[in-house]
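Below you'll find a set of structures to go through.
Each of the two complexes below includes subunit A, the first together with subunit B, the second together with subunit C.
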Partner chain A sequence: MRLPMFEYAEAKSAAEACGMLADAGPDAALIAGGTDLLVRMKRGLERPARVVSIRRLRGGLPAVARDGARLALHPLATMAELAADPLLEHACGNVAAGARAVGSPLVRNLATLGGNLASARPCADTAPPLLSWDARVRLQSASGEHSVPLDDFFTGPGASALRRDELLTAVEIELPAGSSGSAFLKLGQRAALEIAIASAAVRLTLDRPGGTILAARVALGSVAPVPLRARAAEDLLLGRVPNEDLIREAGEAAAREARPIDDLRASAAYRREMVAVLVRRALTAALERAGGGR
Partner chain B sequence: MKRDFQVLGGRAPRVDAGDKVTGQALYAADLKRPGMLFGALAHSPVAHARIVGVNADRARSLPGVKAVLLGADVPQVRFGVSPARYDETVLALDRVRYAGDEVAAVAAVDPDTALAAAGLVEVEYEELPAVLDASAALLPGAPQIHDMYPGNICAEVHQEFGDVAQARAQAEVVRRDVFTSKMQSGAFLEPQCALAEFDHAGRLTLWSATQTPHYVQRTLAMVLGLPEHRVRVVMPRVGGGFGPKASASSMEIATCLLARATGKPVKTLFSREQVFLHGRGRHQFRHEMETGIRRDGTLVFLEHRAILDGGAFASFGIATVYYAGSLLAGPYRLPNMKYDGWRVVTNKPACGAQRGHGAVHARALFEQQLDLLAEEIGMDPFELRLKNVMQAGDVTCNELNMSSLGMRECLEAVRSDCGWDEKRRQGRRPGRGIGMACGFFVSGAGYPIYRSRTPHCTVRVRLDENGGGVQVLSGAAEIGQGSDTMLATITAEALGIPLDHVTVRSGDTDLALDLGAYSSRTTLMTGSAAKEAAESVLRQIQEALARATGEPAGDFSFVRGLLHLRGLPHCVEAIRAEFQKERRGYSGLPAEGPLTFREASRFAFLERGLITGAGQYRPPPLGGGFKGAAVGTSPAYGCSAQVAEVEVDLETGQVKVLRITGAHDCGQAVNRTQVEGQMHGSMSMGLGEALTEQVLFDARGRILNPNFSDYKIPTALDAPELRALIVDSHEPNGPFGAKEVGEGGIMPTIPAVLNAIRDATGAVIDELPATPERVLAAIRKLGRHGPAR
Partner chain C sequence: MKRLIRLRVNGEPVETAVPANRTLLELLRDDLGLTGAKEGCGEGDCGACTVLLDGLPVSSCLVLALQAEGREVLTVEGLAQDGQLDLLQQAFVEEGGVQCGFCTPGMLLAAKSLLDAKPNPSEAEIRAAISGNLCRCTGYQKIVESVRRAADLRRAARRGP
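After this line comes the complex of A and B, so read on.
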């Protein structure tokens, strides 16, 4: 449980970081906050020969910037910054809630948004909320930059579209028109320092307060190999005027879509059941925030 | 019996607080010696195997490696906790018995090299079928783990007090319940660490994060073949123990052997994973109890069967299996009790003593049964307990003597403080619950672990020759529980001086004998010895003053460090003048008013020479004549009542404990803040054991969660409001009436929480910990079968 020896290099620009990654080959790892990487290195789960730090690449950029309907989240923003960001809280409250659910205050002071996504854990607390806003991530390498929907980003536990020589340089959300409300709920055994047994993030966009659902997103954590969109639940909600029955049915639909496993934290059966509860509760809260009355 | 104390019963800061909060205090891992090497252990990755071959060539040839010890290189002396069950060796020779068993020890110039070398020791294993739970271990034909435990039974107990068969006929309401739990860790902050050094005369010093320097000294002497006086064990500051650090470990012994092999000091520090592998925490229990009462609530009988999964070695297990039965005989009058207990070995890390020892999970079931029985006869849970509580002077059916017992006072204190009657009157609200429970615990084991009529501790109190200073020299183990502050307080109180006159040196076998920090013994036992030693010092000062003045010695006493004289202070001027003459050039010397302790104690030294007082404590003969009667005996018993208030999410099974109100009878609080601290600690630890803590294994006996991410102790955000009420009963066998608070406070927490969950949901929780999934399953079961009433 001691940190093994490794070479450490600090990049001064994104381009330099990409170059360092390309040079170092498969033995390199990126470090920002290090809250995931260092623990994995201590446990011997990863043994990079070279660690490339990108922690200085933020410059003076804000954690969250808004340009019209476009919201840009800096990948080097810490969870603590996102948790307390008024712009984010106002525009996409469930993303701030996801950031607040990560680890403990000490972890949140170091852990970054980019790290939470790039580690590609099914339990990453910011992933379901960002999925619920159709977020896109920008990936940069020495050969150029491209943008990927977050929904296509996660490919398996710990696996993503991010190539070894690529850097995640931006997280972007196009805020929808209409009246939106969101929620994130995480189920665990204790109030902090917890890996979710299951989590659910939802976003409802109504054509007007009290109106029909223009867009519904239901995203789940810790119940599949990846942070998962529950599309059948979303389809069920689309175009409907929400009520209690519909919300319950959506929760049940999401539970059917979940693909949980048994592990030391909970059984698959319990997780599946909890998806129905969490999605129903999250939808109820999101609907209220979107101005949907009953 | 109330008397006015000068220092005792106050809220003085701990004597070690400043050093600990500033980082000045040194723990074992902080220690360095010239030329020091670093030790590391190689552990078996498999749960049960024959060692076919070992090759340490690669490890030995790694640059920086100074020694590699294998099973064949170390003394083949068996050790353990109970001499009748010595079943451990320093390193496995031909067989490993759990995934974690130590197979090699390495010393190298730095920790990384030592760890790397440990990883290079090649062991060829021929795997044997492993036994991973107690019921499998007891099956006919099960693989046998130790030759000395046929049928894998390490210890068994069969006791009957009164006549259970006859009592059963008289009982009007009887319940039978089964309750199981999982292995739990002490989760102390500081991992075990040991630093061993031989001096050039061949004398060994081991600095170790232990709770029991004396037992470690004896084990080292036995295994290394040295007389005890050539082995010194010293505790630096220790960051918690809770029981798992209360015995000598392979790591400590291997570290000494590495020091002997290399001629250099060697330090070995456990990782958290190794803390889990070494284990010695809470056993995994299966309790089955049948309890009968009369319709008026009178407790009639208890028939109890327990199976303890103890892991690969005996450790404290014999005591554990006895405690699991014997400590149910109080704090209620229980005339008939039958107990059958089996402590079984399995291929998992060894379990041992942990706060509350074997009694905690037994208590958790028994107190749930009392609630269920109370409900069946329509009686309030408090009333049922009040109807049966023992009081001072009562003796249990298994001959435990309640020399003081404020059980009724504890019950009354929590009942009124938490507003129980009002809250119960409001009736049940789904998802909100309130529950209560009691418990009691020994205030020091009545007998040492090895058979002996030895005193359990000795203490010397020594006056500084210059006057004013008082040094307490003790072997007591300060593990964070506050025993140094307790010793300073009792000594100051006995002498009539302020706390700042006293310094305490402890935790060193060179200073004094002390059995250590276990069984909540230190305040009563070492406190009694300190009081005796301080009183002897006071007598010597009194006699010096009496000779000089011609007044009777009994006329002299100190109040807050000032001489309190009956009659006229004739001789004061002469003593003061001499004191001042010796200190020409000093400032701030006492000039007027009563003689100070500083002046008087200097005078006493000048008159009589070195003044030291000796104290020791040996319990009176305790307990009955039956087999195992010794376990559970104590010079005194502390007791507790607690009320837990919870909120249960009926759809997810999540439990939030909102408040725990606890009352504890500690006889007489030595330091009220520390008593409350111990109560808060017990309640927090109980909360974790009740709701979240469990050591989990895979199908091959490897621990799945040997870290604090996945072994879940409650966080600050999970902590409920904790209310600690102190009940002072005055214990005649304790120093100034004091007795334990270290462990008794954990007894009621688990059942109070479980009773509150049942109040909130109607569901009986029959397995610990009460994770959301288990609670939800219990609620679901209720839906299918109706309330368990």
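After this line comes the complex of A and C, so read on.
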């Protein structure tokens, strides 16, 4: 399969990439790992006149950096790096699990975090886990930089707050005090090379092991036009001492909040039922990791 | 409009002019005549085009040749040394890990990167490592056994005679 012709440029800094995007106008596209863009270009879904590579922007920077309670994930970190990152595994295990669930090893060695979020698919596997940690994304253009909660970032299938001339330069997480545990579960027909039928990422923060829930996050993939927070489920959990009944009710609440569609992978009704199961199982695992239920 | 790039392919320096829309797979097959990597799907789904890029297995159909500039590429042609099959290749022959052969170059390279990192992998680790490489012939069992055998051969070779 051939790619259509385009002009190619490599940026050496974020500022230079922003300048190139500003100069090139609406016909420019950024390329990071290329696993989304090149497939879309081969299929004729996208035909940029100019492609700006940001592969050199990583420099020697680590995939994940921690400064006190703040975690910064590099947008050019690959899924393979995130999947194997000990800092990330320890602090936000479900984000590493989300990265591990993407495609296959061959895809994970190319696919980047920035590309996963910027492509803004409802099935993007790092999105629900990052939503569960209240992550923020930093966006930069020639005219300045600002930070947006990931929860406000996704606006529709393939659509986001990212402007055509903007670069996603960091994903940031402020780790909460207390005792946290998280989980990510993805349902597909097979274990590899599978786009999620439905997925759930949860995070529970307890005031102390075995204690009450200080913060609960339930985020869903592939069951709405965007990666979705299930707020009614979260509200149900807040301030309670978790038990099996509560966890089941939260799963059912999340299923009611899902807005799934029928497609070739699964029916809307099946997706909705699976949300209840995935959320229940994910909450059970997260609770155990947070030291609950003792 | 072409651009001059430099990279290393199977240990040899390569300098060549490529148009922007050339994939690494096309560069290898059409420009360099290295037809070991195959085009199956062209979209990252099958792994027939697997090569090692700086030691890591990737789908070369989803890499621009220009993005491989300055990097190290290993294809199946780079495995045998001085006319001698690599131990992985030998294991695939001995265990019947090859049928039609279309997936084999990709399987070998995915397996090589696994064994380079983990000399004694579990069956689950082997299956995970080749999970991006589809095979329509073998049912995978013989491939898993081939990789297992290659791990044994490699460790035996390291211990010496």
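Just so it is clear, the second predicted complex is superposed on the first by the 292 of 294 C-alpha atoms of A that agree within 3 Å, B and C clash if a C-alpha of one lies under 4 Å from a C-alpha of the other, contacts with A are read in each partner's own complex, and residues count from 1 in each chain.
As a working rule, a contact is a pair of C-beta atoms (placed from the backbone, for glycine too) under 8 Å apart; a residue touches a chain by one contact, two chains touch by 3 or more.
From a predicted model like this one, the values you see are computed outputs, not experimental measurements.
In the superposition on chain A, A:Leu45 makes contact with neither subunit B nor subunit C. Contact with subunit C, but none with subunit B, is seen for A:Gly34 once the two complexes are overlaid on the shared chain.
Contact with subunit C, but none with subunit B, is seen for A:Ser53 once the two complexes are overlaid on the shared chain. Judged by the touch definition given at the top, the superposed model places A:Leu238 against neither subunit B nor subunit C.
In the superposition on chain A, A:Ala266 contacts subunit B only, with no contact to subunit C.
When both complexes are overlaid on chain A, the residue A:Leu110 reaches subunit C alone and has no touch with subunit B. For subunit A, the partner that touches more of its residues is C, with subunit B and subunit C as the two candidates.
Look at A:Ala159: by the touch rule set out above, it reaches neither subunit B nor subunit C. Applying the stated contact rule after C-alpha superposition, one finds that A:Ala192 touches each of subunit B and subunit C. By the touch criterion defined above, A:Phe6 lies against subunit C but remains apart from subunit B after alignment on the C-alpha atoms of chain A.
In the superposition on chain A, the residues of subunit A contacted by subunit B and by subunit C overlap at 1-2, 4-5, 104, 191-193.
For subunit B in complex with subunit A, the residues that touch the partner chain are 111-112, 115, 271-273, 651-652, 654, 691-692, 696, 704-705, 708-710, 712, 714-718, 771-773, 776. Residues of subunit A touching subunit C in their complex: 1-8, 10, 31, 33-35, 38-39, 42-43, 51, 53, 55, 80, 103-107, 109-110, 191-193.
Listed in rising order, the residues of subunit C touching subunit A in the complex are 1, 3, 19-23, 26, 39, 42-45, 47, 50, 53, 56-59, 61-64, 66-67, 110, 128-129, 131-133. Those residues of subunit A that touch subunit B in the shared complex are 1-2, 4-5, 104, 187, 189-195, 197, 264-267, 270, 273-274, 277.
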